[in-house]
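Before anything else, here is the set of structures, which you'll find just below.
You will see two complexes here that share chain A, one where it goes with chain B and one where it goes with chain C.
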Partner chain A sequence: MLIGRDLSGEGRAALGEYLLLLGDDELVLGHRDSEWCAFAPLIEEDIAFASIAQDEISHAALFYELIESLRGLGRDQLAFGRPVSEMRNATILERENRDWAFTVVRHYFYDVADDLRTEQLLHSQEPILRSVAERLRREERYHLEHGQMWLRRLSQGGPEAHRRTQAAVDEVLQECRGIFHPLAWEQTLVAEGVLPQRPSLLCARFQERIAGALSDCGLKVQADGGQGDALCGRMGHHGPELTDLLETMGEVWRTDPLAAW
Partner chain B sequence: MLKSEALTEDAVRGALRSVSDPEIPVLSIVDLGLVEEVRILGERVEVDLLPTFTGCPALGFIAQAAEERLLRIPGVREAKVSFTFDPAWSTDRISPAGKLALQSFGIAPPGGVPACPYCGSHKTRIDASFGPTRCRSVYYCDACQNPFERMKAL
Partner chain C sequence: MSEDRLVDFEARIASGALIEAGDWMPEEYRRQCLRLIVTHANSELMGALPEREWIPRAPGLHRKLSVLSKVQDEIGHAQMIYRVAEDLGRPLGITRGHMLDDLIAGKAKFHNVFSYPAPTWADVGVIAWLVDGAALETQGALLRTSYAPYARILRRICAEEAIHLKHGEDIVLTLASGTRAQREMLQGALERWWQPLLHFFGPPDDQSPNTERTFRWRIRVMTNEQLRQSFLRKYVPKIRALGLKIPDPELRQDPASGDWLYGDPDWNEFWRVVKGGGARTEERLQLRRMTREQQNWVLEAMAGPTSAA
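Here is the complex of A and B:
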């Protein structure tokens, strides 16, 4: 896949960073999704989350393949062979699944964020990024619909469901802003036409859309005052939850990193 | 030895009609709309395919089967099958013959209110967006009371 041919060295490096962050978000959340396999509250959801996990992990593989054509690092190496400090996923995505409400809320918020990001990629001057974004958006539409349906169902599902959903919203909303943490190389991507604007500027639209979706479901955006993503996964600062996740995810691969599966 | 002009794009596309998605054997990759470009360079044939769902596990098998089939065309000594993301594949690329093949295989094709593949009724409704594979949803027929699968519209 031809990518980044017309970019400067700095532009290619920035694009590599951005693709890594996109891939890492999808991989880590995809792994959390896969943990519901055989444990979801309904068999339909067991299947849905297995399917969504496959989608997200395939999207990660696609972003890693783009990095491979940019820098020559293999996708398995990228997925399984990096230390935790080199992972660029937003902190909220590495959090353990907690309960069903947390899972639904986090996934829906992420899907909204991802919708804004991939919409931005549709306006890239890199043709491959535009067509990849178009592909991903067709699959992601089903995730958004699924998330909306569950958010409504839980928020209207009786006092306990409502209470847990509101608690999940309170927990997720702050840390979710870390998805749009501003990064030094963003401006390079804008200057070289890879992105129409800095991705961190999408945060305001993200918060508007989330506020709208929550009020449609009778849920509240509680008073602000939090720190956003205090740990800051985007800078490579992660907690023990990601260490454990990577340990589990790469266990088989590490037995023989050169094996052809 | 055949002259290279005997090798035509139609012959290549015709040959690829016998290559199918391993999960839906009645549907050729031509009817599925995967064949984007065919290039004939003397005795070498290059084919660009569009991946259906990103990372679909069937893609590797499809590429391998297509290369093997191309090498059986008289006059072809080299075959290379690659995937390209540009343009993006969508279910709109499935041909009318492909849609009929899907329906007869028991999977309702995308587009409009699906007809039940068992009884033909349109009294059908969605049961679950996510089905047994990433490309299928589960529907229910209120006429014959059977669940059935439908290919997701992409």
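Here is the complex of A and C:
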């Protein structure tokens, strides 16, 4: 089954951009998740986070394979061979892990965003995207449950845990909106039936769901202060944390990109 | 009375019976099993660290996933084995918390082999192929241990270790058939790991602290040298078939017995590492201590709001 067979050239280009953004989000967060392996607060969480990381990295591989069939670039080339300015992940996902509260909150917010995004893919006119979305959603459901459980535990786990969790919410929420940054090619995807509506329009529902989850846990949404213009990862603008991540991730592969590893 | 019980216990073992957690056992049997099992659990947990350093740097998505999955398995093994140890330790008042405290305080043993650095990607392949291969020899023999809960958990662990071996073999084969730089990296890793691999099975039998009773009680069923020979018989030909050079000029097979004769692998170094003097022992324990310190607030939060003040 071929992807994007019935799309115009412009449509295929837009689809390539969207798949890249989806793959990069999953890869970068999966990498951060994998950094917990052996250093999580509990042995049980070393194991759980290693599973979540494997899911995210496999999803990235899946999106990159779809791009491969559109553009002919290999998946490892996509993951390891691009400069930072070509990465399309949202900047919140490249942030270093900080503490467990930051990790839990960021992951949960991303999982909610991803839930909305993959739900949208279920209504794509591209059959491959529908089946990919079904597979992803089966796995992501557990990530959401895991995140909800930890958010509740931490927010109700005494003053220090509550304080750290609220601090993480304050730090993360604003930047998470960058996941839904409006992009020029979105309209093309809608016009050609790849998506039922522009993904950036999901931001309002995202904020509603987050507000509901936070108030259930006794956590607050800060009045919309905003921290100035955050970097827009979707446009290839990233911070030094992503540069470091990519340097580490590609350290061995880049010594010989043509070799088999 | 306890004399009768001991006679009865030894008769059961001699008849091939297995001991369950709730069965009567001599305290010395319990302590010896506990020492063996806790050391195994500690080794799985500490053994995750050298390979874990390569998860962020694994070349290729497929490798990233397979190293991640392997390290996850090792930590999973630690978790399962600590549970078996906890059941054994309960009558002695020993919990998983105590075991982890002793480990990070440097008071408990873990396997020597996990005290060495893994400086290149080829080390990841050699560890997964040969160190896990060595572990599979030891653990495969322990499937016949008399302590039933341990034997049961080992069956699952050995099945997973066999998958790790394939993962390691695949990395090693890829490098061995790769570029010159890749082959040199692999040869370098083999040279680093050869001595620790000989050490892996413990000192020569006449210097081993394992008593005759350890074998009579079938806590262990094969001696250090038997295990080492079994490993050498399997792996020396495989390593040579890859075109790698084993760094031991004295290594040769005795045609009569089939045993491998090897040069002295510096047993002083072995004892130095046993006593906690390995190249990475302190650094890796320090990592575990730091993790514990930084994450302690999470454990307190889980204990509940009242005790977390």
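Here, the second predicted complex is superposed on the first by the 257 of 261 C-alpha atoms of A that agree within 3 Å, B and C clash if a C-alpha of one lies under 4 Å from a C-alpha of the other, contacts with A are read in each partner's own complex, and residues count from 1 in each chain.
By our rule, a contact is a pair of C-beta atoms (placed from the backbone, for glycine too) under 8 Å apart; a residue touches a chain by one contact, two chains touch by 3 or more.
No experiment lies behind these values; they were computed from the predicted model shown.
Student: Sharing chain A, do chain B and chain C clash or fit in the superposition?
Tutor: fit
Student: Taking the superposition as given, does A:V252 touch the first partner, chain B, the second, chain C, both, or neither?
Tutor: Touch partner of A:V252: chain C, not chain B.
Student: Which partner chains sit in contact with A:I128 here, chain B, chain C, both or neither? Use first/second/both/neither.
Tutor: First partner only, chain B.
Student: Is A:F39 contacted by the first partner chain B, the second partner chain C, both or neither?
Tutor: second
Student: Can A:R138 be said to touch chain B (first), chain C (second), both, or neither?
Tutor: After superposition on chain A, A:R138 lies in contact with chain B alone.
Student: With the two complexes superposed on chain A, say which partner A:I47 touches: chain B (first), chain C (second), both, or neither.
Tutor: both
Student: After the superposition on A, what does A:H146 contact: first (chain B), second (chain C), both or neither?
Tutor: After superposing on A, A:H146 lies in contact with chain B but is clear of chain C.
Student: Does chain C touch more residues of chain A than chain B does, or is it the other way round?
Tutor: C
Student: Which partner does A:I57 reach: the first (chain B), the second (chain C), both, or neither?
Tutor: After superposition on chain A, A:I57 lies in contact with both partners, chain B and chain C.
Student: Rounded to a whole Å, what is the shortest Cα gap between chain B and chain C in the overlaid structures?
Tutor: 5
Student: Starting from the residues of chain A touching chain B, keep only those that also touch chain C in the other complex, and list them.
Tutor: Touching chain B and chain C on chain A: residues 44, 47, 50-51, 54, 57-58, 61.
Student: Quick check: in the complex, which residue numbers of chain C touch chain A?
Tutor: Residues 45, 48-49, 52, 55-65, 68-69, 71-72, 75-76, 78-79, 82, 121, 174, 178-179, 181-182, 287, 291, 294-302, 304-309.
Student: Show me the residue ranges of chain A that touch chain B in the complex, using the header's touch definition.
Tutor: That would be residues 1, 44, 47-48, 50-52, 54-55, 57-59, 61-62, 127-128, 130-132, 134-136, 138-139, 142, 145-146 of chain A.
Student: In the complex formed with chain A, which residues of chain B make contact?
Tutor: Touch list, chain B to chain A: 53-56, 84-90, 127-134, 152, 154.
Student: Please give the residue numbers of chain A that touch chain C in the complex, ascending.
Tutor: 31, 34-35, 37-44, 46-47, 50-51, 53-54, 57-58, 60-61, 64, 75-76, 79-80, 99-100, 153-154, 156-161, 164, 248-249, 251-253, 255-256, 259-261
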